[in-house]
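A short write-up of the structure that comes next.
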Amino acid sequence: MPPSLNDLRYELALASRVLAHEGVLDAFGHVSLRHPTDPDRYLLPRSRSPQLIEPADVLEFTLDSEPVKAATEKLFAERVIHGCIYQARPDVMAVCHHHAAAVMPFAIASVPIVPVFHLGAAIGADMPFWDQRDEFGDTNLLVVKPEEGRSLARALGQHPAVMMTHHGATVVGGDVRELVSRAIFMCQNAQYQLQAHLLGKVSPLSSGETRLAGTLNAMPNVVGRTWEYWSMRLDHAGLLPPRSAPVRKGAQSGGKGRSKTRAKVRRA
Amino acid sequence: MPPSLNDLRYELALASRVLAHEGVLDAFGHVSLRHPTDPDRYLLPRSRSPQLIEPADVLEFTLDSEPVKAATEKLFAERVIHGCIYQARPDVMAVCHHHAAAVMPFAIASVPIVPVFHLGAAIGADMPFWDQRDEFGDTNLLVVKPEEGRSLARALGQHPAVMMTHHGATVVGGDVRELVSRAIFMCQNAQYQLQAHLLGKVSPLSSGETRLAGTLNAMPNVVGRTWEYWSMRLDHAGLLPPRSAPVRKGAQSGGKGRSKTRAKVRRA
Amino acid sequence: MPPSLNDLRYELALASRVLAHEGVLDAFGHVSLRHPTDPDRYLLPRSRSPQLIEPADVLEFTLDSEPVKAATEKLFAERVIHGCIYQARPDVMAVCHHHAAAVMPFAIASVPIVPVFHLGAAIGADMPFWDQRDEFGDTNLLVVKPEEGRSLARALGQHPAVMMTHHGATVVGGDVRELVSRAIFMCQNAQYQLQAHLLGKVSPLSSGETRLAGTLNAMPNVVGRTWEYWSMRLDHAGLLPPRSAPVRKGAQSGGKGRSKTRAKVRRA
Amino acid sequence: MPPSLNDLRYELALASRVLAHEGVLDAFGHVSLRHPTDPDRYLLPRSRSPQLIEPADVLEFTLDSEPVKAATEKLFAERVIHGCIYQARPDVMAVCHHHAAAVMPFAIASVPIVPVFHLGAAIGADMPFWDQRDEFGDTNLLVVKPEEGRSLARALGQHPAVMMTHHGATVVGGDVRELVSRAIFMCQNAQYQLQAHLLGKVSPLSSGETRLAGTLNAMPNVVGRTWEYWSMRLDHAGLLPPRSAPVRKGAQSGGKGRSKTRAKVRRA
């Protein structure tokens, strides 16, 4: 039995906040999930910083990245990233686009991130680079047109992630937890790789090691441990998403989720 | 209808605290706003660390940087930075002078900060350098004389920011929110640029990309998202400025704003 | 009189949380203690992130790394690291395996960590490297087979720590507090060494200094001070382990320890 | 009228905690003040981590670093650093010895810290290096013998600070607030200098700028602002020292100060 839509909305809010709290997302970036029963739809929050997402913010989109119900909310300009990848990759159930500080130096210097420790193997052996300028010339670097999204999805190919020159990265997963751990381990890998480069020669994992260690982040023992840990850290910071969806009312809706969480912290 | 003076005082306190909380300001640095109805005046707090500013700390100055009402409070020694820029740049409505850790290495090594990611384009293509020593010889590096302020304003020219050798930077904006996001993105850009330099070759945005992406930080969709995020982070830390201006009484006034905010955190 | 098993369970939970809070451990890594009265057994928590360990999570193992009582809990896959070291090193009473961010660049670039400040002398003069690939070819880099554990223990030899290529490090101690300070000082040493390398030439302590300063971290005056400090920081963050072992019930047991600690913070 | 001993005890506890909270001190390091009315005595806490110091921990010492009253408390092994400097430098009223992360790379690579920004001028132009090994051969690097203390004081000479190879630094001030700001600005200066070195050529202030800017950190306007800011940050973290000295009782005394502070945070 697939998870309910309500459960997935909460899971998506939780994943967004975990990734923000662990330094992958900041004011920007977004996470989506493929619809649990209709593979031609996906779930993505309205335009809002990831650490503020609550279940009620999550909307449904077609794979053309049109909202299923006419939406009054502001929408992410770059949602074609998600739709085009779900179209091109039936195996992908979760997508995250981000500008994490750890990957930006690589996106700027056009230096490949290579797996340098066992958990970093989750990023695969040959992460591709995509430079919007190559195909589309000068732009503001936002991925907003369907042809830009399709071009990015082509560059991603069958890889777990794709670097975006002068912009950031996009990571995919077979489920939300694999996505979250892959995105976090990729940032750790990038940080260690940069410092190893400063120390001397960076030697990556062998291709055999990359293949064998590349599934560690999906092992139940590992996923169970990381999910409990990252959720605990978020909870300890008073930042868990609210369980039930509050009624939204225009300007007021801004602080709702957080206020609720804070209230819990304060009251106890 | 322009915002009320009271609203702007709060906005200025909020902007100061956001910039401190996001690592642009520390014990030092200051933010000012042009007066909403009288372009020949500007608003600047009394001399106090930015994270402590409250609306009642905000005073009015002429563009000669003299207080409009005789002031008993201590004033920032470097307020000519603000007055001289408002005189030279009618388009500027907000100014921030800072010593952010991210820009200091560039101010010391005299290496230009160039836009290396889409949001960093907010700093423009050719940020000028100003070295007080060139025109004024040995000083304590504080910008206190009107001729020093005018010299800095000339160096700024029509740019969004100017680097100050061995000292820091000064950033301007068309409104307070554009200023805040520009100052934050400039610091991120500097940090990424330094690390990209360590990895290999730094390739900046093309001039076309810089022009097109240079307005992202003023897009309503982006500003709305960042402002909610940065305010939420400040609120979550218990550091929002007090809404109403407390009566100030000499030595006691120090902790007022903070205490109030803390009380809210504690009580709930 | 040796400490009671209950005291040691608490000490092990405390040490795990201190090492997590000070940045040595994250979602991964584990700490074990030799049994206080039976040198052929050791104490290790069930598989769980170190910052969540509570006394009730601590299980007993034989030196073959088999649980003394049939266990329903998930166990760490890499517990042979602990068993094999206790077999090879009768003097060792405490073991920590970790992937601290500070040591990873050295584990990746295969650059030796050498003592560069007085407290760093706790790591000894010639820390060995162990690359699982040398003896076992391509693996997922987890140390799970007894022969892998024995190989690692041989590489450790009589040293206080061993580096694990592309993986992390393993540190040992004559008691839990010596272990904790050695692990923390080793990370500080690595961080300072990398930055000194960037500044210029790294000159290590002389062998005489390393020998003389190498016992600082076991001096009662030093251990007393550090233990009070690290415990205070953990307490101040609301993360001390619960004193008494709560009854565990399946899924619920996850947040127990933390919730208890949090409750204390909230109530007061 | 000089400040009362009670006021100075509190000031010393506050300075210790501020320096710990701002990253200059950690588990180690110590701050002392010269006695306000008897220049042949100084005040130094019993052996304890700086962030835990409370007024009741502060003891009196002769300039030979002997306790004025027979002490049952554990004392810092390195207190000759303080006594020997007060003997050699009548102008010095406050001393801090530390191992701040920011200065360690310079202490290890033997690279001079030079003033690279206006506030960094507080460290003076030519900071001396002292290597205990030069005069005393292999030691554990602790400064414990009177002749070691005198040697260090000679190296300090009339400078504001002295680097200690493979160990850390010692900083002095004309009063406690000048000392605190000098120690903090020295760490910022070191951090910026290292990063400027990575970017390109480090150009220090001119000697005239160093002289003129070297008194900024003692200007009332600056000291007032920094002291309010650093104290506010400490208060906001719930770490202010207790005002009145609690009765100490052996083992229990450990957490007193903090608990009191925490209680305030919790109750409100």
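Each chain carries a letter (A, B, C and D) given by its place in the written order, and its residues are counted from 1.
Throughout what follows, a residue touches a chain if its C-beta (ideal position, glycine included) is under 8 Å from a C-beta of that chain, and two chains touch if they have at least 3 such contacts.
For clarity, every value in this text was computed on a predicted model and none was experimentally measured.
Asks: Would you mind naming the chains that touch chain A and likewise touch chain C?
Replies: Looking at chain C and chain A together, no chain touches each of them.
Asks: Determine the centre-to-centre distance between chain A and chain D, using the mean Cα coordinates as centres, and give it in whole Å.
Replies: Once rounded, the distance between the two centres reads 45 Å.
Asks: Go ahead and note the Å separation of the Cα centroids belonging to chain B and chain D.
Replies: Each chain reduced to its C-alpha mean, chain B and chain D end up 32 Å apart.
Asks: Send over the residues of chain D in touch with two or more other chains.
Replies: Touching at least two other chains: 197-198, 267.
Asks: Draw the chains as dots and join the ones that touch; what shape do you get: line, ring, star, complete or other?
Replies: ring
Asks: How do the chains pair up in terms of touching? List each pair.
Replies: Once each pair is checked, the touching ones are A-B, A-C, B-D, C-D.
Asks: What residues of chain D sit close enough to touch chain B in their complex?
Replies: 116-119, 121, 188, 191-193, 195-203, 205-206, 208-209, 211-213, 215-216, 221, 224-226, 228-230, 232-233, 235-236, 265, 267-268
Asks: Inside the complex, what are the residues of chain D that reach chain C?
Replies: Answer in residue numbers: 26-28, 47-49, 51-52, 74, 77, 99, 101, 104-111, 133, 137-142, 166-168, 194, 197-198, 238-239, 254-255, 258, 262-263, 266-267.
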